[in-house]
């Protein structure tokens, strides 16, 4: 029996998978059921709208939307649902000539009433981690707080190990290794 | 008998009227029937969608959309119709802390397939003039090319008259006058 | 008996209250227990750290942090807890010479591993609404989804009423009214 | 007998063809007769001026101008005709060190009275699609609305097919395929 | 008998006089004959063109052009003459929402072959001083190098006097004085 | 007997005193002997050069330079001395149309070999505090580390007191107080 | 007998030759005697100062300065001479991470009194052409106006020839050729 | 017996070594004992805090912190110590899509009370030179002023030698060599 999807990851184009696949992979690490969907706010607006309206009925609790340039996808989703919507501004793809500042402003500068939780340009992993932290309180059985704590701990250990190695080898030795 | 509306002017908030009313006034000067509508892409998305879908059926031929911050209104309209959509990025209103550069990028940087004809920040008058020039070919009986030519001529004459007065008074005299 | 605080609203300076008080007021509208705290990441780093570490123990589920310039407050909180942290970049206050773009980038561009859910510059109301939507799933008894839906509906009605009045009065009449 | 050209595509340098050829190709898809011309506002100003003045006499109804850096071409055309002028800011070419933000501002920030319909940086395809939508009302025999609808439909189907394939293969499978 | 005009100062609108009148006043200080003209590249393109083409025949040796937004005036002049053209990007006026960065980029980013000598945003005085230094070599009888040296000396003395006064009064005393 | 000056505070114009006087006032709080000098890198370059060359001979140990627009003052000083030079980019004054981003980049982006220690736009107080921390190690008798610690403590207490008052009055009460 | 140098081309680093050599080559085309000098405003400030002070005595009439990042070279020269100084902001070299916007602002935003004639980022050729147009009036025997006119004509012919070829081959054929 | 470390160089990630190793190498040239540490403000906040608090006890006198994106490391250190903290904004690494402008603003725009001495984007060498100049006064036995003077002299000589070679070979010869 398939599990209820908790997070929907949407993106406007398959070229966005390059970045957005990391959101899916990160949710996999946390055992959070999710789905990845290609659906452009501009090219298939009706499907995006239906997806947004259906999402709460299907039990989805968080949406993640990645888009570039005049990035409207997260805002359009947020206009149709009251679920938390996480926006990932994307730097790349065709026309990606501005380092993602266009996508960042088009995602984050939402008017009062309709928030989008925006992460860094190309910050797909952080979007997933934010989704996990949002889900944590309502899903104690998933032990997401504990998993996040462990994730943080491992991240810290990785930093510590690199530092330990740097202390051994020195800057030059480390770079050459 | 009321005339068919040719241009729909939309804006997200009544505070945008400060700028957008100039689009309506300019269309009045050209005798182009139009309507002005407050309809936010984020707060009343269904009404915006219906407006867009209905517009061609009602005989509307051009849409003008003014919005600030993460300005999605023009893009959302453009996603639902193939009529020319003119976007006016707005600098002001609440949260208008960036001089409109956020609204400009969110309006103009549309992805391939769904164009928005963007004018200058707060450029409502130019949006109307662009609409007039778009309507001109299909409505020869309205003599819009001729009216645009006259409008240009008057604009030029106004510049010439100011210049003539400047030649008479000199820079200091002109400023004091 | 006092209720458990669910949302902690922090800001670096009392001058930030001008914007951040709206987050508190919005949470009041939704009946979400919260507290507002002045605590600068740079001036009282230990208190910020203790606040962050204590927050989960005290039952707080979401943190909102407003800061300007090199806005580190949200990031510092996020480094110490795995709760969702919402960042509000602030444009104003002393040294607020860049329209908040400095605060926006310093808040949103978090490195992989430590997300901050960023809203628009000065977007305190949206921060509160985002907090409400995050709390909704874990607190069904608070009926936050229903309250959010009602909030949206009222927002939409307000837009519709303004539009109805605009249709009656026309752009010029509306502006003069 | 050769058909009347409806759209003139101008660019300042042959290096702009890299982007602007897509405008020509897109107009070909829609069967809209057009011509592509190299004519710099700064290097051959008289030819640009004559082109602009002659364009309405020759029956041209829309102009598309692509230019980079201090992109004046669209504005200069717009100063001489009342036809709709579409501006394509170009990011590349020599001196293209700013991701096209210079060309975008130099194209879009036209003063009141002389509009330029600006599309995204390097948005040549959208310039052509905008031209098609502008021509549609005046040329019912060309069935441009229907063609645009079909174009949109195909774009949507392409998105849907990619999505269907993604559902089959999953993010990792899709990327590897 | 009226003297030959050596510098032509052009601007697109009489509202630009607020800044540009300082160029005229500065040329007066140096006794350089000049004229001030209102002539918009977009609204009276033919007059601008004729002005540019006539300028060398009339003995004008330097042009100064002030314009805001998509500031094309200097570039258009430069396309028609080989005289040195000095561009003054203007921050203000209607639509001046970007602090003049749009006008700066539209003025300075000229393509290879057609230079515009650009000064600071609203830098009308410097435009005049630059014109004086350009004229100096060809007009030894006007003793412009000497006058420029004296101007510099006086500027330096003014700084020195302010400093002397500051040393007397101290920062607080000086500000209160 | 007058004390040896340890910090020289320079600025290009007396209008910069509005901001830079705070550096002097802050050094007064710490009992650090200093002098404030008006000396423009562009208008009195020789005096700036002599000041820089003389500074080490006079026993000055830190220089603070405040300048706006194309802010060269700090860089010019740094080219002539190996003392630590602190740069304060200034937003205001005439031509201050860009919120100080021009002054920031012109101050901080120094080429390899000649550093300038840059603080925030208009950050004169921080420039002084940085100077104090630089002087601390070489002047143990001045107990600057202890004074800095006390300054920090007081800053922290001020934040704590404001917070305590906020807890008493609540956000609304605090703002009204 | 060697000819008097009329234009001095300075740059801060030999890596700038990549761009600045084009200024020298362009002056060669016009037969204008010039010299190219490496002299950093920050690393050899005394040599730069002497160069500036000596330049008028040596008969040099125009200075061209290319610099990147916090580009002070042109401003430092302009502080020491009243000759026209042309600034070329450079995008590249080490630390050239901002597309030259830092160098542009540091070059162009000069304070009132000390102008720098700024050209486009990396615009070395235009700097040379501007120098030629500045020299033209004082050196009639060099026939620089005539040479500039011929240069413009050839530039225009080159554009026309490319256009003629494009008309023959069409956009696709031209790109493939 | 190992020498007391005077400068601590911290960075958030080992990928920052690419830039930051130059700070260590430069301190080596000056014989200043230092250590290089990987310690992220977000991933190992406790270690960073302990490092900062311990630094003065261990006799460290200057801290250098390199970080990218929402670069908080320098600010977090500065919040915990009153030692001079030098911040190096980093352009690169993952998510480095904005040329370091995000890191620059997040590093330099510190609020009043807590300064960070910021150098250019990727300016690790200048950070080290600034540290040397800060240490010079308190460590006369290290003769750092003399070493800095020699360093400057060599830098100047290198420029002079390149210039001499350029005078011999000419621009074309130099580039080909």
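Order as written gives the chain letters A, B, C, D, E, F, G and H; numbering starts at 1 within each chain.
As a working rule, a residue touches a chain if its C-beta (ideal position, glycine included) is under 8 Å from a C-beta of that chain, and two chains touch if they have at least 3 such contacts.
Keep in mind that this is a model prediction, so the values were computed, not measured.
Traced through touching neighbours, the fewest hops from chain E to chain H number 2. Looking at the partners of chain A and chain D together, the chains they share are B.
Between A-C and A-H, more contacting C-beta pairs join the chains of A-C. In this entry, A-H is the pair from A-B, D-E or A-H that repeats the interface of A-D, since more than half of their contact pairs coincide by residue number. Seen as a C-alpha superposition, chain B sits on chain G after a turn of 180°, to the nearest 5. Averaging Cα coordinates per chain places chain C and chain G 51 Å apart.
Separating the centre of chain D from that of chain G, both taken as means of CA atoms, is a distance of 34 Å.
Between the Cα centres of chain C and chain E there is a gap of 47 Å.
Shared interface positions of chain A, i.e. residues touching 2 or more other chains, are given as 13, 40, 43, 69-70, 94-95, 98-99, 101, 108-114, 116, 120-121, 123, 152, 155. By the document's touch criterion, interfaces exist between A-B, A-C, A-D, A-H, B-C, B-D, B-E, C-F, C-H, D-E, D-G, E-F, E-G, F-G, F-H, G-H. Per the touch definition, chain E reaches chain F in the complex via residues 91, 99-101, 120-123, 152, 155-156, 159-160, 162-163, 166-167, 170-172, 174-175. Touching chain E in their complex are the following residues of chain G: 56, 61, 82-84, 86, 104, 108-121, 123, 125-127, 129-130, 133-138, 145, 148-149, 151-152, 155. Put simply, chain C touches chain H in their complex at residues 12-13, 40-43, 45, 49, 68-72, 75-76, 78-80, 94-95, 98, 101-103, 105-114, 116.
Within the complex formed with chain H, the residues of chain G that make contact are 13-14, 17-18, 20-21, 24-25, 35-40, 43-44, 47, 69-70, 94-95, 97-99.
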